[in-house]
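The following blocks contain the structures, represented as structure tokens.
In the two complexes below, chain A is the common chain; its partner is chain B in one and chain C in the other.
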Partner chain A sequence: MKADAMARSRVIPPLIGFGSLALSVLAFEVLIRLNVISKFIVPPPSEIAMSFERIIVEEHVLQRFVATGSEVLTAAAMLTVVGVSIGVLLFQVDILRRATETWVAAMAAAPIVLMYPLFLVIFGRSPWTIIMIGFVAALPPVILKTIEGLAGTRRVLINVGRSFSMSESQLFWKIMLPSALPTIFVGLRLGLIFALINIVGVEFLINFGGLGQLINELAERYDLAGTYAAICFVILVSIIVFALTERIERWLTPAN
Partner chain B sequence: MAAIVQSFDSKASATPSSSDAIMRVEDISMRFSTPDGVLTAVDDVSFAVRPGEFLSVIGPSGCGKSTLFNVIGGLLGGYEGRVSVAGETITGPHASIGMVFQEESTFPWRTVVDNVAFPLELSGMAKAQRVERARHFIKLVGLDGFENRYPSELSGGMRQRVSMARTLAFEPKILLMDEPFAALDEQTRLLLGDKVLQIQQQLKQTTLLITHNITEAVQLSDRILVMTYRPGKIKRIVDIDLPRPRTSDIVSSEAFGRYVAQIWSDLREEASRGMSDDEKTRQGGHPR
Partner chain C sequence: MTHIRTFGFVFACASALLLAGTAARADDTVKLSIGQRGNWDTSVAHLGDKAGIFKKHGLQLEMIYTGGSGETLQPVISGSVDLGLAVGTQGAMAAYVKGAPVRIIGAQATGAADYWYAKNPAIKTLKDANDKTIAFSSNGSSTQSVVRAFLSEFKLTAKPQATGNPTSTLTAVMTDQVDVGWASPPFGLKEIEEGKIHIVAKATDAALVRGQTIRVIVANAETLVKRKDVIDRFMKAYRESIDYMYSDNPQVLKDYAEFVRVSEPMAKRVREEFFPKSLINPDAIHGLDTLIPEAVNLKFIPAPLTKEQTAELIQIVK
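Coming up: the complex of A and B.
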């Protein structure tokens, strides 16, 4: 009974989350100081914390954070519009869906990021190369989950609509899409993970743009503390993007 | 079959001519092709429904009631025969037919009030007005206070009442209901039956109710159509000559008991046929 009440509380779960995070940071600090973990592999957390000021002032990490963040958001917007539309199209044109579903699924496993030379040729050394790679890499889960969501609309709900003499487009907008929305959001969340990983990865690879490039530089200088501090900003981007998605999801699917 | 169609009426004294009936179901057969061959779900069913009549279809599970219901509602194609409403042959969903489905059919992404207001929204009614209308029907099915809940927060029986209110809000001339009370306890079932009768009398709505509950059928109906177990044919059409207005109190009357006994003996035959069929299947006979 008591554990149940604790789980439902608004404060206690996040508190436990933060607590365990702080504890593991502390554990690392101790283990590194005791030389159980080599400080040349993982710098002590205290050192990482102290390097924040340096990378903010000297390395302009905030501008890079904004650069990467806006690349991710641009890719996310394109994913939502294009990915969901392709999913809808494939769902509605049965022959296209049968023809493409397998290789869309296969594409999800392909390391798109390694195709960066091709994107460089097409889009040049510009943010668009980065955005496009993130976007393409993240398309498969969005497309597949959109199809899955639409196909999973319960037959009886469509029959309800038909019994009200709804048109095909009314059926789509008022029944199939809302019914598919929770599944589409699963695809979008997966897609965003793919996009973020690929965007930072490409920045790192082509040594251009935001946080990925900074991490590349710092790693090359063997500034381990700085590298880890920069990685913290990547995590921050992901936290912000996910918090945003969750907001939008809760607004669009209030029933869940 | 024609003989049965013609023998159905005692009150109207004459056979309803085509102008008399609001709906005619003529020689409907529906076959499904299954892996084990062709399955005849509905076999040559014919009947006519008078305006304002309350007709129940009763029969053992799997006898083709829902299939018949989907054919009449225009949701299922590929059948033989003809269904007409006010003389007009049905080719698809018809604006004067409203359906309440057997399966759970509320929209989980909409609150109770938005579920019920759905058909009004489709017809372009202004928001304030349709919310008011929806509230009226929510109250009718006894769900006031739950307007802003989502279906996931309701019990199965409450959700079924939401679907019913939603179809009532559509205000169809002909109401088709496929076991709308199946998920309810006996008391709620009787009380909601009273409500449905009240609404039906008020709106002069023609109602077709599918059920396998004999008490419910006798309590509510003007006529009961008893179906046979697979293939689903009409076994008998029973006129229920009980006084109206009726309430659930009628359940304890003697005449009521006689009707129940009569239909029960009809159905027992069919149900046991169905059971032994299932038994054979289970004992390693050919699967359906």
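Coming up: the complex of A and C.
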């Protein structure tokens, strides 16, 4: 089969993906069993797989998975509504955009997670502290990419809209927003990465909530296989959230 | 000719410097990972080193401070450091049971200096904390064991709540999210002196805690065999450092105050009020009869350690 045909195939790319993953796991297993990698630093993948049942039954990982997943989804919903709205506002009000865009960009690099005591004061020792840190940390890429997406709408499309005597509102909803959607989704994906990292990090740091807290506890008990198994669940949250985002993007932009 | 002489002189100087360097390197390097920087009990290596005690025993220390017991233990197991100080006793048991090359070579803290405090003036003693919330750091931690001991020994109906480290706990207490917080001195003493909070209980108020070695000094099993002489010298110097810390030499309090950035009177208060010398005595592991069942209960180990396992795990270096 030619390279082009392989790339177009629906089956082969995922097969290559899973195959690579399986090979990496196998390589780790062999290297650990040969003592090239210490099993006291990285447990063998087979041991991690065996520990899944234990952490599901004894550590109630599924409840914690749901807790972290709900925090991420809540932060994602807030990001979509608030982040995109702020982006649109800054795009529309030029002076506001010029006044704050640099600050927003600078905020993207700020280690918001270190401000957790402040969030604890405001929101208490509740999931809202975790959600809000994730939300605030993830806001800048969503805002910036929304501005970028709207600013990048091709002039010709706007001119076509105007030639049809569209109102400003119609221009926005029917031309600019659909045209900006792919870029907005890039921002949302970036934001979700920031949110997930911060949410699990804060759970770990303040020992509260879902998977982050469990990872902390298992690490303190030197349950390495359990720790890595719990990390696999964090990856699962990430996969689910990204799959959902992709679905929503496809649904909103059928032309793509 | 002059050039040759000059070259000869420079060469001689360089050789002398190199030899001096080699002499300095003759000291054996001991790499340490140490948890909970700034506590009096975790400052033994720092203060002893500053006083030249370890140097006297031909040791040069490389100290890395960590955020918790797990972080302290991991580099010991991987062999990237020789010794870990302030590793949770039950954490060390957990690692040993899973086959990790770790051995307990001394006690690091028997009993605990942690204290519990409140902002609300109505809470004066633990009895006043009934039906109120009382903090511990995290599930499976030594502070949780202390709170459990408080509840059972004083028949309290207080509600335990995990609040994380002393900083986040203080925030929770000051904002009325938790009634009784926990801290480890010198943290919080400034707030006590300012009258913002007051001490409600000390960990040692619980009889169970007074008799338990909650943190230990661990060594990598291979290091313990291969560098036995170095570890012996380290433990000698460690004991000498403890004697120095409780001597009337004022320098030790000056050094500690500078190390943790507190005043000298506060440094003295930390030593006199919270850390009796017996608390940091490394000579014996106490309270195994309660520590082991608790370790099983908290899922650190699947079953109690056998006598043989205990003997292999605990090898106190005298």
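Assume the second predicted complex is superposed on the first by the 255 of 256 C-alpha atoms of A that agree within 3 Å, B and C clash if a C-alpha of one lies under 4 Å from a C-alpha of the other, contacts with A are read in each partner's own complex, and residues count from 1 in each chain.
Just so it is clear, a residue touches a chain if its C-beta (ideal position, glycine included) is under 8 Å from a C-beta of that chain, and two chains touch if they have at least 3 such contacts.
The model shown is predicted, which means the values in this text are computed figures rather than measured ones.
*Asks:* Sticking to the clash and touch definitions up top, decide whether chain B and chain C on chain A clash or fit.
*Replies:* Once chain A is superposed (C-alpha atoms), there is room for both chain B and chain C without a clash.
*Asks:* Which partner chains sit in contact with A:E217 here, chain B, chain C, both or neither? Use first/second/both/neither.
*Replies:* second
*Asks:* Looking at the overlay, does A:P117 come into contact with chain B only (first), chain C only (second), both, or neither?
*Replies:* A:P117 sits against chain C, while chain B stays out of touch.
*Asks:* According to the stated criteria, A:S179 is in contact with first (chain B), second (chain C), both, or neither; which is it?
*Replies:* It touches chain B, and chain C stays clear.
*Asks:* With chain A's C-alpha centre as vertex, what's the angle to chain B and chain C, nearest 10 degrees?
*Replies:* Approximately 150 degrees at the chain A centre.
*Asks:* So, does A:T253 touch the first partner chain B, the second partner chain C, both, or neither?
*Replies:* first
*Asks:* Is A:S165 touching the first partner chain B, the second partner chain C, both, or neither of them?
*Replies:* A:S165 sits against chain B, while chain C stays out of touch.
*Asks:* Between chain B (first) and chain C (second), which does A:V156 come into contact with in this model arrangement: first, second, both, or neither?
*Replies:* Only chain B is touched by A:V156; chain C is not.
*Asks:* Once both complexes sit on top of each other, what is the least C-alpha distance from chain B to chain C, rounded to whole angstrom?
*Replies:* 50
*Asks:* Which residues, counting only chain B, touch chain A once they are in their complex?
*Replies:* Checking each residue of chain B against chain A gives 70, 73-75, 92-95, 97-99, 101, 103-105, 107-110, 118-119, 122, 150-152, 163, 166-167, 170.
*Asks:* What does chain C use to touch chain A in their complex?
*Replies:* That would be residues 68-70, 73-74, 77-78, 88, 91, 94-95, 98-101, 137-141, 161-164, 167-168, 171-172, 175, 177-178, 298-300 of chain C.
*Asks:* Write out the stretch or stretches of chain A touching chain C in their complex.
*Replies:* It is residues 38, 40-41, 58, 116-117, 120-121, 124-125, 205-208, 213, 216-217, 219-224 of chain A that touch chain C.
*Asks:* Within their complex, state which residues of chain A touch chain B.
*Replies:* 154, 156-157, 159-160, 162-166, 170, 174-175, 178-179, 181, 253-255
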